[in-house]
Amino acid sequence: MPAFETLLSPVILFFVLGVVAAAARSDLSVPEPLAKALSLYLMAAIGLKGGVQVAKAGFTPQLLQASLAGMLLSFALPLLAFALLRAFARLDRLNAGAVAAHYGSVSIVTFVTASDALTRAGMAPAGYMVAVMALMETPAVITGLLLARGSGTLTGGQRGKLLREVLLNGSVVLLLGSFLIGLAIGEQRFEAVAPVFVTGFTGLLCLFLLDMGLIAMRRLRESRALSWRMAALGIALPLVNGAIGLAVAALLGLDPGTGAALAMLATSASYIAVPAAVRMALPDADPGIYLSMSLAVTFPFNILVGIPLVLQLGPAVLG
Amino acid sequence: MPAFETLLSPVILFFVLGVVAAAARSDLSVPEPLAKALSLYLMAAIGLKGGVQVAKAGFTPQLLQASLAGMLLSFALPLLAFALLRAFARLDRLNAGAVAAHYGSVSIVTFVTASDALTRAGMAPAGYMVAVMALMETPAVITGLLLARGSGTLTGGQRGKLLREVLLNGSVVLLLGSFLIGLAIGEQRFEAVAPVFVTGFTGLLCLFLLDMGLIAMRRLRESRALSWRMAALGIALPLVNGAIGLAVAALLGLDPGTGAALAMLATSASYIAVPAAVRMALPDADPGIYLSMSLAVTFPFNILVGIPLVLQLGPAVLG
Amino acid sequence: MPAFETLLSPVILFFVLGVVAAAARSDLSVPEPLAKALSLYLMAAIGLKGGVQVAKAGFTPQLLQASLAGMLLSFALPLLAFALLRAFARLDRLNAGAVAAHYGSVSIVTFVTASDALTRAGMAPAGYMVAVMALMETPAVITGLLLARGSGTLTGGQRGKLLREVLLNGSVVLLLGSFLIGLAIGEQRFEAVAPVFVTGFTGLLCLFLLDMGLIAMRRLRESRALSWRMAALGIALPLVNGAIGLAVAALLGLDPGTGAALAMLATSASYIAVPAAVRMALPDADPGIYLSMSLAVTFPFNILVGIPLVLQLGPAVLG
Amino acid sequence: MIQTFKRKRIDILVDAPLCDWLIEQAGEAGIAHHSLLPVHSGLGRTGAWRDDDGYGAVPKRMFVVVTNEQKVEALIERIAPDIERYGLVITIFDVEVIRGERF
Amino acid sequence: MIQTFKRKRIDILVDAPLCDWLIEQAGEAGIAHHSLLPVHSGLGRTGAWRDDDGYGAVPKRMFVVVTNEQKVEALIERIAPDIERYGLVITIFDVEVIRGERF
Amino acid sequence: MIQTFKRKRIDILVDAPLCDWLIEQAGEAGIAHHSLLPVHSGLGRTGAWRDDDGYGAVPKRMFVVVTNEQKVEALIERIAPDIERYGLVITIFDVEVIRGERF
């Protein structure tokens, strides 16, 4: 059973361990600097690997197509999410816009975990998907803010500051920077650093997901603002967005692995870059809502259900 | 000379470097999040490896026997320690109970360093010893508290909280959790994470022991509460407990490596999990006493003398 | 083009990424405990490797000669720097002495990056250069202080405290300690830890240099005290000192790699150990000056220009 | 001019393993909210400690609460028997706050 | 005896992503200098949080300023409309300082 | 009602490399105990700094002492000549403590 197989990977099991430990209120915790170190490492590693792969494969029209499609998805997905959040979860305009921004953007860890599983299943996504992910991180924030407040309410200074926050966000810079470094050095010069960035990758990902399990569950426990309608959307939105992502992948004629990765990007919701930007730009929106939905509902759902699903659907739809 | 050989290992020499640096009042220090990161890593690594080995070797009656023996030792060793602490070190009931709890429990780092040395000497302990260690961490706390205060003095609420603290302690959860993950994934799926959890192990252990050397020596320098009688017991107790552990191992018919590991567990004293529990449950006991004895006396003694000793005695007694 | 080649290494490109990110005011940052962890790791790694190499190659007269030459350089280079800082940069006695101390001492990261490049170019420096580096860290502080204040102004107690700070500085202790450990264990016992300390080295160096790029650029941005004359000397001093270092290497008849490494030590300026000592001993000197010159000007200059230069000049002069 | 209100701030240096106990005591004294600051190192009658020691009972936190006088008194009343043996270092001082109803 | 001067200290608990905004407001109120202390964890109306959570909007800092009464008032005046929605916890108290001209 | 005592608290922002010096000065002023809090970042006349910079002389600590007025004065007296050049930011304020004999 491939789905069951995915769940038996050490990466996923460490996530489950984190969830269980936090649910049992164990005092197990991952110090914040270690979590931050691991995420810097993961971003540098996937950026580099993606760049090296593109250096090898060369620029293809699909790289451009996927980039454009990714950015479009990031701009557009919040629209549908917004409508559902208003109608079904009964959120006000402000909070619906704030949440929508998260669902248009992406979760790097979800992508990385999915790539790892796809690669292990013999469907490694194309290297350029890392760049696509970096490009998808931020457009959704713009749509989300416009939905929440209308364009008129931002002064020029605020808009500039927000754009800077969103474009020069640390993870965007590190992902794209490492991607360019990978491009520049190519496969041969990459060898000297491969032991750290390739060989060590899956093991370190285990520790990172242990932390994510702890954090997601702790957040769920502190989620006073989360209604069952919001929780339900936290599961429905990734399914809807993932289906759209898969359809776009089919339209572009992407191979199964690459298309599955695009679907996972559409499916996933940001819980690092976007919350910080939204807290700044929409201070009246309730962080308890958007963090709980993306981090405590959608993220675990994607790790435990979304990835196995896409591993099945990818080859079925795109194979 | 095997004993001398053990001391020449980089792991032990980094411990010595830490001790020397702290003794010379160098400002060398290991940032706390790194120390915590390394200990999370070590626990995940040994848990995983133990589980994978048991997945391979299958459940044996000895697994059960050793687990039961370990828990019994953890419950019982504090009794003897308590008597000696009262009679020889002249501690009051409260402090004697507090210290006794530490000596019934175990030091993960001592176990890990001993396993490393045993493995290098061709006597790798059985994988299940990691589970035995996790099971030995906490029973001693219960005995220690009963000795210190009598059972009557704990309200039901306090007892429940203490039990939770002791059972859901982060290191117990991570050790047993990783052990179960190792069991579930088995040898083949472990390969993807082996570069981090196996290949990197000894090198990272060096950095960890550098930190332990610094900490143990700094603690010794700040040990105003430590009398020579306590210091002497800090050396006598591990010898006595280790001998008992070795005898139990012989009774169970364990192989030399596994038996030596059980002896090291009996020998070692906790300085992470138990002090935190005792500080909470016995706030009137003096942390200066129990921390100094276990961390500043027994731990270095075990690393520098206990491990070489057990490397000799293990095959001699159990071979 | 070897020079261009050097710049294309991932290590250097991550440094450039850090510089660019900080210049663009991205919020990318490396948590301080990770930076400290990486620097502990790098020092332990190069210390060990140096020691193991000397264990293999045996003690040679050149080891002694290079050690003496290094210490002499460290004592003497501040004199020339002081004169130039007074005359050209128009610094007062106090600040000129403070800055001079930095230029006589060494930058560990510059040395490590240069060694990495030299090794890749087939000119690995001799193992003992690590010990030479450790010996060069501190004499310059003494010269710098004497220049800044004259010997009369230090009380005996202050002098003792300063000497302790300078001799027992964490990086000196860790470098020499690891070197001695490497010497003691030799090549065979080193194997168990080589995966961490050798195989992982270049990859982790990338992350470290990413951080250094961020820090150097942020420091440059905050450098209100930096005049163009000081900035010019931040480039001229490493050139002058490097030339002197190369000349000494030629006098000693060192091989190209070892000589190039000695030149890089002369070239580089301290920005970790010396600033802390100087802040303590010369509190009236302006940290804005000495930190900006060594960290924001000389360090990047050495990484981007100094190392490629020495890769060319080393074999040309010493080959 | 924005109106300010007189309240009390109470800062308590407390061993990390005792934080849960203190939070519980505060809760029972009617103090529902608090913040905890990290502490780097210190020196007391029992010697020097630092956060880097990382093991056992030693690391400390600074428990910070903004509240009214009655609640401070209720908290002090509750923990009085334990102040000495838990080694708490308590400072209470007058502060002005903006949102009087919150504290 | 060294002369001391009466000044104000203002400590503000603020979400890390809002620090830049607060620093800017302080600047416009004439407060050019400040320090930020890390905060380990806390409990408020919106539940518990801890620095270890590491993600999203939650971590807090303690913004600390030593300055004179007018500047404190100017800052409070400026941020008053946002105190509630940004969840700021503000305490102002009297302190003595040594270098009166600096603060 | 538990009795409280009037004491002083003195908080000093100080460069990390100067902590040992300050602790020594405090000791000679009769102040045997203290705590040090970490500081995350700051902005002063000499520009911005942050703990993440990690190198050189910049990181700061907050030295916190609870003690009586005489000892505060003795400490201030001792360090007065160095306050300016060491860039110390000192605040002294009145606090109530519980165990009067300790501070």
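Which chain is which? They are A, B, C, D, E and F, in the order written, and residues in each are numbered from 1.
Quick note on the criterion: contacts are C-beta pairs under 8 Å (C-beta built on N, C-alpha and C of every residue); 3 or more make two chains touch, one makes a residue touch a chain.
Predicted, not measured: the structure shown is a model, and the values here were computed from it.
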Path length in steps (a step moves to a chain that is touched) from subunit C to subunit E: 2
Shared interface numbering between subunit B and subunit A [over half = same, under half = different]: different
CA centroid of subunit C to CA centroid of subunit F, Å: 34
Centre-of-Cα separation between subunit E and subunit B, whole angstrom: 45
Per-residue overlap in subunit F, given as positions that touch at least 2 other chains: 37-38, 93-94
Where subunit A touches two or more other chains at once, by residue number: 29-34, 36-37, 195, 200
Pairs of chains satisfying the touch condition: A-B, A-C, A-E, B-C, B-D, C-F, D-E, D-F, E-F
Subunit B contact footprint on subunit C (complex, rising order): 31-34, 36-37, 40-41, 44, 48, 164-165, 168-170, 173-174, 177-178, 181, 184-185, 189-190, 192-197, 200
Subunit A partner contacts - residues on subunit C that touch it in the complex: 8-10, 13-14, 17, 20-21, 24-34, 37, 120, 195, 199-200, 202-204, 206-207, 210
Touch list for subunit E against partner subunit D, complex: 13, 37-45, 60, 62, 73, 76-77, 80, 83-84, 89-94
Touch list for subunit E against partner subunit F, complex: 1-2, 4, 7, 9, 23, 32-38, 61, 66, 93-99
Subunit E contact footprint on subunit A (complex, rising order): 29-32, 35-36, 211, 215, 218-219, 222-225, 271-272, 275-280, 283-284, 287-288, 291, 295
